[in-house]
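Shared between the two complexes below is chain A, which pairs with chain B and chain C, respectively.
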Partner chain A sequence: MNSLKIICPNNKRLLKGLSGYRLAVRVKDPAQAVEAAALVRDSGNDLVRVIVDSEKPFDQLTFLEDQKPLPLAVITPSMGRFRHLAKGLNLLREMNLCLYLPCGSPENSTALKILSSLGVKGCALIGRGPTDWEALTDLMTYALLERVPHAAIEPFAFIAAHYDPLSTLNWKEVYFDDPAQFLHMDSKGRIALTAAELGQRRFIARSIDEIGGAADVPAIRERLQEWRGYFVKNHPCASCNGWKVCLGTFSPPPPKENGCAGFFREMIEVIRQYRAQKAGGE
Partner chain B sequence: MANILLTTSCNRSCPYCFAKREMAAVTTEPLLSWDNLIYIADFLKAEGQRNISLLGGEPTLHPECVDFILYLLERGFDVTVFTNGALSPARLKEFKEHLVEVAFERLSFVCNLNDPEQTPAPEQEKERIHLFLSLLGPWTIPGFNIYRLDFKLEFLFDAINRYGMKRHIRLGLTHPVPGGQSVFIPVDQMRAIIERLFSYREWFDSFRVTPGLDCGFPICRFTDEELGWMFRLRVPSHFSCGPAFDIAPDLGLYHCFPLSNYQRKSLLEFDSLRQIDEHFARLRDQLKCELPGIYAECDGCRAQEEGVCSGGGLCQVLVRFWQEARIRLPEIEDELPKNNLSE
Partner chain C sequence: MPTVIFKPTESCNARCLYCDVVHKKRSGPRTMPLKTLELFFWRLNEFLAAHPKEQMELVWHGGEPLLLGPDYFRQALRFQQGHCPETADRIRHSIQSNLTLFSRELAEVLRQLGVDSIGTSYEPIPNIRGLGLKRDWADYNRRFMKGLRLVEEEGFNWGVIYVVTKPALKNPLKIFHFLSNLSPKGSFMFNPVIIYGHRTEHLRITAREYTDFLGTIFPVWWRNREEYPQIEPFFSLTQNLLEKSRSLMCSDSGRCAHSHLNLLPDGSLSHCGRSADWDLLNYGTIFEKTFDQALKDPQRKILLKRNVLLPRRECKGCRFWDICHGGCPLDAWSATGSFLHKTEWCDLKKDFIEIYFEPTVHPGPAEKKDSPPAQQKGLGHHRPAAFLHTRSDNQQKSQKSEDGLWINPIGGLGDTLMISGVLKQVLENYPSRRFNLVERTKYRAILEGHPAIEKIGSPAPGAEFLSTNYWDCEAYRLPGGRAYQALASLFGLEQPVEERLYVPWAYEDDPLLMRSIPWKGRNILLSQSSDSPRKQMGIRRWEALVERLADKETGIFQVGRMPEDYIRGAYSLLGLTNPRQLISLVRHFDAVVTSDNFIMHAAHLHGVPAVVLWGPTDHRIYGYADQVHLSAKRKCEFSDGCIGPGRGDIYQTVCPRGPEHCLETIPLKAISTALRKILY
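Let's turn to the complex of A and B:
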């Protein structure tokens, strides 16, 4: 089995042509998830995730019992109204599901809190469009320091678990956007490094056969070392306190201190408290 | 027990309301936000609380009232909503769609009803209350605020039978707001109120309805026979004041509506219910050091010493203190020069 994970569309012809890979398959609606997962497995691949990328609010999606065993990543623009979700919460809690919401609005940050407090895992999509840093700081603090147990909120849980002040951390893997682990495939089998580049049709290979292990491909290698350029250019991000977590993701940085720099600085402090709490509890 | 205010707005203007003016004056946020609701729910959950009451203003005016109720139920709380029942058709439809399947044990309403003759309401309001009780009567306890000596309860027994409501009536005294202008029952009329209440004893017995006394009734104004009747019926009575507290939409924390301006704090200032209890205990102790209760005989009263009775409501005590201090202080000041105690 190849160590690379490939994010590919739910395309029968394409999936039948792949074998021996670890695949995450993209669908538009949860109703397609079971069939897509079966297709991946029947073709001799491992199913990493079913990514439901919907334009509908979360409360408008229908989930069923037979989707319970599937690892689902559900990306929607908003949660919708809680009243429409209330009856289905037991099923949502039993599912292996993570809801991804863009965090340009305080409403979505609050929605992630609501669902997390009820045991549904969520993920804040940071950097897709404008970001409300204040609401995001509240969410991050809630995710890591709240007083009662709740479901994890990513990417904060991942960062808190893996942050090392002596090393850099690429937390984009929670968004399937770390080229060291994930590659993105279009319906013609062409390969891009990130979901955004797939949308822009910026491909690094015409097929997966052109790519061996991740480290062997110059485009991937260069991308993984791209952060070094910030030091070469003496970019302000390189001297930011939040650098080791951010790696220049939001460059050019907002001029005001309360933007990304303030957020990541705060996050590092919250992680310190989080770890102290954990250590105290053990 | 925590009372959470969803909103400071109300769609009625009852003559005895002891909340409206004060709430509007001191609360900086008119509507409870989701973030504050989650904070409150986490705080109470961490403290092992199981019950939450939702108040206003009129809580059903909050646009997300249904969502908040469903959320709190999902968090494992049993929820009681204090409402006037005058829901808009749209809100009532939401209640019908989302709440009528909730078990009676998990969700209940206390519907504050006014006597249609003594406190007349517009036709639209009466119709809305009728529709609310027709839908949610079995989940609902009628509540009644006593604000005049000649109050009547007949209409409540009628409502219980007509709408299949819970066979219980929650009776509250209208309390004074220190420094406020609202109508309330003076402490020297307590006995008259209790006599009037017990004139309905046969009604309670024949309709198999129990009365429930809210805070502020002093035990000494009941006869032993009246107390015996209540004891036999296991009537929930609060001769003590507290320990419930109210949380405003802006997370303001205070003892009760009449004292919403008195030593107001923020929930954010406390880490546990114990700290809150200690804060309110200090508040009560401070006042009780000056005045043990609403009557002179509260001083040295056995029921008070043993914690059975708090000597009336704290708001009544505060009003007595405030009124007496204004009289006493000039007297003291007048005496000072006579005794060469002032220059």
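Let's turn to the complex of A and C:
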């Protein structure tokens, strides 16, 4: 089985044509999740995730008992009203679900914090539109240093677990956007490196058959080395002390002290504290 | 291991502003002919065969050695295989390249030669390094990064030299982060630019500028050094100064005399790259000289002579000799025209260590506030000359507290008398220096009014401290180290200093007390007490001493604090004096018999003769030459004395040996005899 994971639409004909892959399937509504998952598995593929990409607020989505075993990534623009969610909290807690919210507003950061405190895993979508760095910093600090039990908040938990100061970290796999891990497929089977490029119809292959391992595909290799361009150009990001975690994700514009640079620098500091806490057995 | 800096070509595809290689006038070939290359490997084998235990390091250098192309390296490999069949495994190849020409083909042959690590250099600041006559910076960067990627993909390690020029001084941390980000687990080295001609004068930096450049980066690196690459000179200094392991570059090792050789394309041999550049220390050519002959060339003797002369002259007393050796002899020649001087970079290194390194790695007591005082004796926080330098630049000012430098003394009142003396000497040497004293009753009594003390109070958060913990100072721990000298070193005074004690106030006599003391013809002061019970002789023996000394003409008086044991037979002044009065009182006596304590120092302050009883501590460290020292024989497990660095936990405990406590073994006769010699 290919180590690359493919994210594909919930397309019956497409999924039936794929076999022996590790697939994440994209749906618009949780109601489609069970059927899509069954389709993936029935075609002889491993199900990596069901990605629910909805334009509705989270509170408008309906989750049912039969979705409990499914690995769900739910992307919504906002949480919606908490009182609508309150009655379904027990079910949400029992589900293998992660809620993705964009972090352009303090409200979404607060929402992730609230849901985390109630045991629902969340993920801050950083870099999708404007970012409220202040609120994001609070959220990150809460996610990593708060001692009261709470569910993980990504990408902070992932970064804290994988950050190696003597290396660089590409944590976009949390967003399914790391070409070393994920490729994106459209309904015709064409392959793009990221979800954004899929939307822009920038394909690197006409079908998955053209793709071997990540190391065999020049486009993937080049993408993975793209960071070197910042050094060639002497871009300000290359001299930023948040670089090892950011890798220029937010450029242009150049890193700002009260923006991405300050955030990632603080994050590295928080990770040090987080690890010190863990090492201390706390 | 001998090292050959092998320059098979002096051609280069780059025109880096500060590099002289392409401008050099030469009569011979720019690239080494294959016949000479073959002879080189023949000579290598000749040397290694004659020295079966030796290895030879061969550093491919240039020019740009990769300009030679893969075929040249393959030919070198063939020569090695052909001429060195038995010795090739003792040839260690490494290479210094700008990487702009690196290719998979070259990677293969370099690997076959045994190269596993590549040294390079890089400059993110535009228009300093560049390819071709136009010094194309952008193209250089593109090719360098491409080469670097290949180097990593091919599994080579790499390290980068960064040459610090004037433009780099604008933002040292930017350079640091750039290089750290580019090579998170690699290594890089900062070198100051060496200017060869006037055309690059605008790149020149002063030693002080370089010190400050390093000093801006060092605290950032030090704080999270396990998260940053191995950076020189920081890493080596850490090893050399803190871990006491020796890791010295050729310029600092003092050992290049018999180890280095430089080989140019025309086969000429010189000492090193610099000597070849400056036409010095030429050892002939490989056509007529063996490596053995070149490595034993008589011209090298001057480098050995330098190692003997410098510690007696310019480097005399320098505490960094072991890690510097006067620096690179070629640098010395460049600045003075003679090898027999230290280099201008010596002062740079010293400044960097004292201004930036030591204050950073040895935080003051404020940062160690949780440590109990007894344990602090075993901890090392010293901040030497660091703060005695004039701080002229804003950058450095911004790193220091606006409030000035604070002293938070530790130790007893005797230590405070020494601090007071040292402070006085600091003021004499540096009239503008002032310190703040942390408000503590014990020390205020002695130091209040000191001309070197600006104010006494509470330091603000983040205030800068100068530690007075001399116990962990090298000048104290080394054989022959003296407490006063060590303390002076912490304040940046050059040793040896005169050991003068000082109090900043007029002596105070309590008239009532003075009238009540039954003075006699000869008056002896006894001071039995000490902060450490281990430094005290038992009270019974003091009483026996009094019995021996007592006569009608001799008054015997005891001083100390109220709760201390009374020596029967002595006139007790216990608890009747405050510290100032006690210090003042000592001067009225004809002789003092004392333990190693505050009164011992006070006697020296007044020049009053003293017999000092030494047990676990050493008069060679604390005592004064004008005193009589009676040292007990130590028969316990602490042959060097039970009190000292790292043993703070027993300082305030009683010796478990009871009547066999070392101080109990000093013969009373010896004490009384010594006293009589003083008094009669």
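By our rule, the second predicted complex is superposed on the first by the 277 of 282 C-alpha atoms of A that agree within 3 Å, B and C clash if a C-alpha of one lies under 4 Å from a C-alpha of the other, contacts with A are read in each partner's own complex, and residues count from 1 in each chain.
Everything that follows uses one rule, which is that a residue touches a chain if its C-beta (ideal position, glycine included) is under 8 Å from a C-beta of that chain, and two chains touch if they have at least 3 such contacts.
None of the values given here were measured: they were computed from a predicted structure.
*Asks:* Chain A superposed: clash or fit between chain B and chain C?
*Replies:* Aligned on chain A, chain C fits beside chain B.
*Asks:* State whether A:219 touches chain B only (first), chain C only (second), both chains, or neither.
*Replies:* neither
*Asks:* After superposition on the shared chain, which partner residues are touched by A:81: those of chain B (first), chain C (second), both, or neither?
*Replies:* first
*Asks:* Can A:91 be said to touch chain B (first), chain C (second), both, or neither?
*Replies:* In the superposition, A:91 contacts neither chain B nor chain C.
*Asks:* For A:152, using the defined touch cut-off, is the partner it touches chain B, chain C, both, or neither? Pick first, second, both or neither.
*Replies:* A:152 sits against neither chain B nor chain C.
*Asks:* Once the shared chain is lined up, is A:241 touching chain B (first), chain C (second), both, or neither of them?
*Replies:* After superposition on chain A, A:241 lies in contact with chain C alone.
*Asks:* Looking at A:34 after the superposition, I want to know if it touches chain B, chain C, both of them or none. Which is it: first, second, both, neither?
*Replies:* Touch partners of A:34: none, neither chain B nor chain C.
*Asks:* On the overlay, how many Å separate the closest CA atoms of chain B and chain C?
*Replies:* 18
*Asks:* Show which residues of chain C lie in contact with chain A when the two form their complex.
*Replies:* That would be residues 124-126, 138, 141-142, 145, 148-149, 173-175, 177-178, 180-182, 184-185, 224, 226-229 of chain C.
*Asks:* Under the touch definition given earlier, write down the residues of chain A that touch chain B in their complex.
*Replies:* 81-83, 86, 89, 110, 113-114, 117-118, 138, 142, 146-148
*Asks:* Can you tell me which positions in chain A touch chain C when the two form their complex?
*Replies:* Residues 165-168, 225, 228, 231-234, 238-241, 243-244, 272.
*Asks:* Please name which positions on chain B make contact with chain A in the complex.
*Replies:* 33-35, 38, 41-43, 45-46, 64, 66-67, 70-71, 73-75, 94, 98
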